[in-house]
Structures are given as structure tokens and as C-alpha cells.
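Letters A, B and C name the chains as they come in the text, with residue numbers starting at 1 for each one.
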Amino acid sequence: MNYFLQQLINGVTLGAIYGLIAIGYTMVYGIIGMINFAHGDIMMIGAFISLIAFLVIAALGVTSVPLALVLVLVCALFFTSAYGWAVERVAYRRLRGSFKLAPLISAIGMSIVLQNGVQLVQGARVKPLAPVITGGIELSGAESSYPVTLGWLQIVIILLTVALMAGFTWLIQRTSLGRAQRATEQDMGMAMLLGINVDRVISMTFVIGAALAGVAGLMVTLYYGVVDFYIGFNAGMKAFTAAVLGGIGSLPGAMLGGLLIGLIEALWSGYGSIEYKDVAVFAVLILVLMFRPSGLLGKPEVEKV
Amino acid sequence: MAAFKDAILAGLVAALLALPMLGFHLGDSAQGLQLETHLELVPLAAAIVFAGRLALNLAAPWLAKWKDRAPAGKPKLETGVSRRPLYIGIAMAAAALILPLTPWGDRNILDKATLVLIYVMLGWGLNIVVGLAGLLVLGYAAFYAVGAYAFAILSQMGFSFWQCLPISGAVAALFGLLVGFPVLRLRGDYLAIVTLGFGEIIRVILLNWASFTGGPNGISSIPRPSFFGMPMTASSPGHTTFHEFFDIPFSPVQRIVLLYYVILLLALVTNLVSLRIRRLPVGRAWEALREDEIACRSLGINPTSTKLSAFALGTAFAGFAGCFFATRQGFISPESFSFIESAVILAIVVLGGMGSQTGVVLAAILLVGLPEWFRDLAQYRMIAFGGAMVLIMLWRPKGLLAGRTPTIRLNKGDAA
Amino acid sequence: MNAPLLQVENLTMRFGGLIAINDLSLTARQNEITGIIGPNGAGKTTFFNCVTGFYKPTEGRLTLTPPDGGTWPLQAMQGFRIAKKARVARTFQNIRLFPGMTVLENLLVAQHNRLMAASAFSIAGLFGLKSYRKAEAEAVEKSRQWLARIGLEKSADLPAGSLPYGAQRRLEIARAMCTDPVLLCLDEPAAGLNPKESLELNDLLLDIRQTSKIGLLLIEHDMSVVMKISDHVVVLDYGARIAAGTPEQVRHDPNVIRAYLGADEDEPLPAVVAKDLGEQ
């Protein structure tokens, strides 16, 4: 039972991270109908930037952990957003009206550029980080067979995710930017006619998605303690699965999907075989698309004849 | 001017992006990570981007003339079945046929040409699925792997290359049917991701089911093909070897030449089948399905079985190619069948121009052949590859040689 | 009276809470042109989509009884099978040709099923067998005849997407006819046509009814088409049938007038409206 509880905690933490990345996928797909293949690599960039920021801040003499965390968070948000903006501007904007496959190929190309670019510039070796936040709350009794710990780091991740989700939902529901975003998502042509600067709205969508992915990258750096240039692909696939599972285009769906995928991965690793945990997630993707393509919270699409 | 301001903006963004990534370097050392600063790279990067962007903006009017003139959405269909693509194709095939006999046909070139031809064949095979039927498949390498492993495993039991060749294709096609059946009714990009997922699943299984597939070490000692039963070795007890039969001195080049001709033959068969099938009802149904699936249903065409047939044929060719790959290398491992392989093959099809046979050849030479020349610059190879994908899509979204030749003409009088 | 071809009984189509078709019953007869008219949003295209298998009806029955015998329960059949086995063909409100393929190829795709049978699923074709070559030649000839009939023989090798609008409409009808249907459903074939083209369309449809002796089901807004050529007209509003009969009967039906105009039944029709509805 304790073992299960621990897997549960791990799963929720993982799920929060996947959920943050999944939001980026689902928003971009919702607004321009494109799978941003490079999104996972944006997360990877966020992870690298976080790592670099930690070292720079430490070198500048900051010793307070909470202060360092806040500064790194700001850096991750800021720089990753810039990367997200740049990728859209360079690789996708021109191809918006064009032939269906072109943006996807461009995205795959961009993903390769980002992965290999980082590898070239930073070296192909895995980069470790000394644990920044350690320790946690013991949830099990002193006599129990298996210790269940809720780490401080896990708490930070979950709370941060909840805060970001709340802020983000407020942004989408309450601000004019959010309204413009929703309008563009539903009918781009009409939004343009009403004077909405669609280019800017789409850019903002990418920027927000990238910002969240940047935070996810920071969390990955802290949680796993290692960063390498390949984590984007793997996490990206799983986050995309989460977005589809929850219902692509639906923001609560992305979070729900993220949570479920995190739980599936943690439980499968804990009780099944660890080598095949990725297979379990991909299998979920395939099953969902086969039997309920609109996902859990999405609306089934009626064919327009 | 606006061009100047735009270039300044680009430079500033470049500086921003370069600051964390180029400005700092995470060096590996004995004590763990060391932070090295190279802040001078930041203004350098900004300057390069600024200059490049300014040049691009200033040259824009001239570049517009070169750009793909047809609006991205409209079909660019050649009227009339002109003979030109056919002549180009025949010329290229003839050149390929005589290559080993020319002074350029040395071991090195033949080796690279063989590699390019594998990708040409894979490109033509995927073209059936993506180009003709319009099914976006991102996990094609999985079926390539299935064919290779099928032969590798059977070869351990004593089967030869020629015996396994049809089996590889059949097994790959079978996998294609199994994978395709549940997912082919999915919409375009979903299909892409699902096939990607299947590709990854197969790769992970190959990597971990060590007892069957050899795990990360793969399978080795895969036999080479023989020439009508004659082994291409220096000597072979109980068999007349190739060089003994023709009474010529043994040379390792002979095997290379044989491999080259085998893949050339396989590729040409793939091409001929594609060309022929376009003019058959099932081929036309594939293209019609790609254009408008709803209209096809209204004409009584079964979309699922039509898509399955394209998928099965495409994956069969991947299987044949995989079998050849195994025999050429002599050993295989899961590394050769990662997602990047699928991406390369897809890039070859899309960059070449969907549906264009010569486009595939051109793209394969560009994307596979040229980088082979720059083997030494291997670390830049992948980034150049990705960059090429983005740039070609921006320049010509429909591919380098896009355009469709009709399969049949009614009024034969007015040829182009 | 001609034998019934398509019997619609208590057809209801619901999308969530929205009732698009409400307990609709009608009969379309063989060798007749049945017009379906009604204000926008009345459910006409939804009705077509139920008949041709793009939507699965929530309730009700759609029974097709072709002249050479047999009964097809369309409400229970899968989309493409309705076209393939029951031989119901259709055209679309927004033309759905294969724009990148030539005019001739569009017509050949329509004959797919016959050609597949003749070529043993294309395998005989792969080896160039005579049975396939003969079948293909026949298919080409049939296409040529249709092209001549709609005046597009010279454009046979042009991409279908490059044809002018009126020609594309005619091509779509010819393509539907190349499937040898027993029921042809046309969804606003006159949309976007000028008066001259509408008259030509009338001639074409009347000719089809005359020579091919099939039943035609026609959705139209253009009264100069539907009132002139229909043998029987059904009027829909809010998914339900509000009138049915000959064009003459329907023209004067107060329910119809009210649905289109919202006028009082006692008021005389304004002259311009009377002209629109085909009154002399």
C-alpha cells in the first residue's frame, strides 16, 4: 500500500510536468491545427537554460535557494518564450496557409535543428546538477515497511503547476488577449475581419506555450538532476499523448491527460517493467486514438459534408 | 527603412537567444559542471543574423521571381502526358546501370551509390503511401526494421538472402496490415503521430527483447547474397564461387558491384510497380482518396480497404529494402531504425515533391549522398539536414519537383 | 403512377439536443424528379446526408427499391456501400471534384468498382491482361460519351480544378452518372449558375430522366429549376414536411408561402414573389 502511495505521488508530480508541456501542444493545435513537433525540444531548451541560469546565479554569489529558484524561474520563462517566438516566426508563419504537410516537415526540421544545435554548442554529454531542493515530508510511520516521502521538490512542482494553471486560466477567460485567442481559435477569418491581429495572437499562443514548457524544463532539471539534449523528444511524445488523451484543443483536458499519463508511467514503472514504460504510454496513445479520438474532454467532431 | 528595422529586430532576437546558449558553455570536467563564458559570441551571432536578414530583405524582389509561382494551395498539373519525365527517368536509369563500368565506378563511389539507392527505394516505397494515397506516415522505418530483422533471424537458421527477400517483404506487409487496420481511418496528423508511436514501440521492443532480437547488440554474421547460387567469396568448399566460374581473379569489389546491381534492380522494380499501379483502378483510387475522401465514399470506394492496400504495398517495399540493408551491412542493430530514419525518408519524399519519382532521386542524392561526402563534418551533418528541411519547406512547400502527370489522355492529338 | 424508389418513413435526425430532421416521411418514385425545397436551415442537406450514408439516422427508415428488384435498408448501411451496392449517387453543395486529376480521370474513378472487378482487384492489370484492357477501354468510351453530352470532350485532359464553375458542376453530375446509379441525389446543382446555365441544367436533368430512366432527388433554391422540372415537390421547414405535391399544388400552398415569407395567408402575394414562385 505504501509502495502504491509513493508511486501515486511520483505519478502526480510527473503528471504536473507533462501537463504543462501538453498545454503548449493543445493550444497550438487548437489555434492553427498544427502539431508543433518542436515543442518538446523547447522544453529541453528550457531545461538547459535553467541549468545555465543556476550556475550563473551561483557564480554571481546568490546563496539563498528560494531567491535562486525565483531568478531561475524568471530566466527560464523569459528565454524559453523567446525561443518559442522565434521558432514560430521563422519556421511556421510563412507556411500557415499552405499545403498540409509543409508545417509538419518544417517542425520536424526545427526539432532536429534545436536538438543538434544544443548538442553542438553544449556538448553531447549528459549534464548533471547537484540537487538543489532535498528532503521532504515523511508520510509513513516509523515502523512501516516502505517509506513514503512527499518531497519538498514535489510539493514545489505541484504547487507551481497549480498556480500557473490558475493564472493561465484567468488569462484565457478574463483578459482581452484570452478572448482574442479563443476567437481566433474558433474562426480565424472572422477574427481577422473584426480587427484582431491574428499574427500577434498566434505568436502569443506560441510564447505562452513555450513559457510553460520552459517552467516544465526547469522542473525536469530539478527533479531528475540530469539534462541532455534528447529529453525533449521523449517528454514531447508523452506530453502530446497527454494532450490527445485529454482532448486536443481542451486546456483542462491537457492537464487531466498529463496527470493520467504521469500516473500511468509511474505505476507501470513501479509495477511493470521499466524498460517498456514508454511503450505503455505510446500504447495508450494508440488506443485512445482508435476508440475515442476526441479524447476524454474533447467534443467529437461532426463531419462537414 | 522597414527592411533595416526588421533586420535590427532579428539581430536583437538572435542576441537574446544566443545569450544563454552561446554565451555560456556547460563544460564537463572532473569536478562536475564548469561554467565557461563566451559572451563575445553573442554580439557576433547578432551581427551575423542582422547581416543575413538585411541581405534577405534587400534581395526579396529578386527572390520572389524564383519562388514557386503557383499559389501554395492550387494544384499544378501538367496538361497532357509529356514525355519529358520519362526520358529523364530512362537516362538516369541507364547512367546508373553503366556506372560500375565507367572510370567513376570505383569501390568508394559504388558504396555511396548503394546507400543512396537504398534511400531512393525507401523514398519510392513511402511515396506510394504518402505521395499517392496521401497518408501521412511517420514510422516507416519500423517496417524497414521488420524486414531487416526478419532476414537476420532467418539467416541464423540457414536461409539465404534470395530466399528471405520475398519473406521480408511479406512479413513487413503483414505488419503493415496489422498496424494499418485500426488506425488508417484517423485524420492526417493523428495518423502521423500514431505511426510514429508504433515505430517507437517496435524500436523499443527490438532493443529489449534480447533473446529474440539480440537487444542492443543486434544480430551479426548476416550472409551476403550470391550470384545465382555462386558465392562471392575467395573460395567456398562445395560450391563453385563466382570468380572461379568466370575464371577471373577474386576481388572484393565484385561483391560490392553485385550489391550495387541488386539494390538498383530492387529500386527499379519499386519504381516500375509504382508507375504501373497509378494507371490501375487501385492507384487512381489512392490519388482520388488523397484529393477528397468524402467524394470517394460517395462514389462507392471503400476508403479503409483502399488505404490498407497502399499501406501494405508501401510497407512491403520497406521490408525488401530492410532485407537488402541487412545483407549489405552484415549486421543490424536497433540504432539504425530510429525515428530519425523515418524522418529522413519522409523528408526525401516531401522535399523531392510528393508523387514525383525523379524528385525522390534528387532529394535522396541531396540529403543522403552529399552528407556522405562531408563525413568528416559529421557533427554538422544533422543540423544541416534539419536546416535544409526547414529552408526547403519555406522556399518550396510542395517540394522541389512538385507536379502531377496524368495517367491517361483522351485527346491524343494535342501533346505538350 | 411510377413505382416507389426511395421510401422515407419517420426519419428523425438529432445532433445532441438539436433536432435537424423531425419525423419526415416522403416517397420518391422511379423515373421521376422529386424536388426538395425549403428555407435555409430546413434540413435538406442533412436529409441528403442521411440518405447517402454520411450521417446515421437517429430514428426512422430509408428503404430503396430499385427497378430490377431487391430492397436496401439505407439507414443501416455503411456510407460507401450505399453508393456501391444500393447504387445511390450524389453531388455536393460545395463541388467535390478531384481537382488535381484530369476531367477524364475523375470519370474513371467513378467507374472504380467495375474496373476493380474486371481487373481482379488490379492484379490482372498489373500484368497487362486483356480482360482489364478491354474493361478500361469501355470505361474510357463511356466517359467520352458523357463528356460529349455535357460539352467537355475537348477539356478531357485538363485538371478538373481548372474548369469554370458551371463546367465543374456539370462534370460532377456526369461523374455521379458514371457510377450507373438507380437514384441520383443532387444538392443545389444550380447554385452559382447564371440563368442560361440553369436552363441548360434543366435540359440535362430532364434528359437524364428520359434516357437513363432513373429517379432523381433534387435540393434546390432556384425556383426556375426545381418548379420547372420536378414531377413531385416536398417542402421542408425546421426539419419537418410542411407540404408535398405537384409544383402547382405546392406553389399555392399557404404553409409554404408562410414558411418562406412569414406572410398572412389572407394577404395576396406580392407580384415579385408570385413571379419568383413561378406564377405567370
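Brief remarks on what is shown
Keep this in mind: contacts are C-beta pairs under 8 Å (C-beta built on N, C-alpha and C of every residue); 3 or more make two chains touch, one makes a residue touch a chain.
Everything numeric here is computed off the predicted structure, so don't read it as measured data.
The minimum number of touch steps linking chain B to chain C comes to 1.
Nearest to the global CA centroid, when each chain is reduced to the mean of its CA atoms, is chain B. Farthest chain from chain C (centres taken as the mean of C-alpha atoms): A.
Taking each chain's centre as the average of its CA atoms, chain B and chain C sit 44 Å apart. The geometric centre of chain A is 30 Å away from that of chain B, both derived from CA atoms.
With centres taken as mean Cα positions, chain C sits 49 Å from chain A.
Chain contacts: chain A has residues 303, 305 touching two or more partner chains. The set of chain C residues that touch two or more partner chains comprises 54, 92. In chain B, the residues that touch at least two other chains are 294.
The part of chain B that touches chain A in the complex is made up of residues 13, 16-17, 19-22, 24-28, 32-33, 35, 72-73, 130, 136, 182-183, 186-190, 192-194, 196-198, 200-201, 204-205, 207-208, 294, 339-340, 343, 346-347, 350-351, 354, 379-380, 382-383, 385-390, 393-394, 397-398. Remark: chain A residues 302-303, 305 touch chain C in the complex.
By the touch criterion stated above, chain C contacts chain A in their complex at residues 15, 45, 49, 54, 92. Chain contact summary for the complex, chain C toward chain B: residues 52-54, 79-81, 83-85, 89-90, 92, 96-102, 104-105, 108-110, 112-113, 115-116, 119, 121-122, 125-126, 132, 140, 143-144, 147, 153-154, 156-159, 161-162, 175-176, 179.
The touching residues of chain B, counted against chain C in their complex, run 74-75, 77, 79-80, 273, 276-277, 279-285, 287-288, 291-292, 294-303, 404, 406-411.
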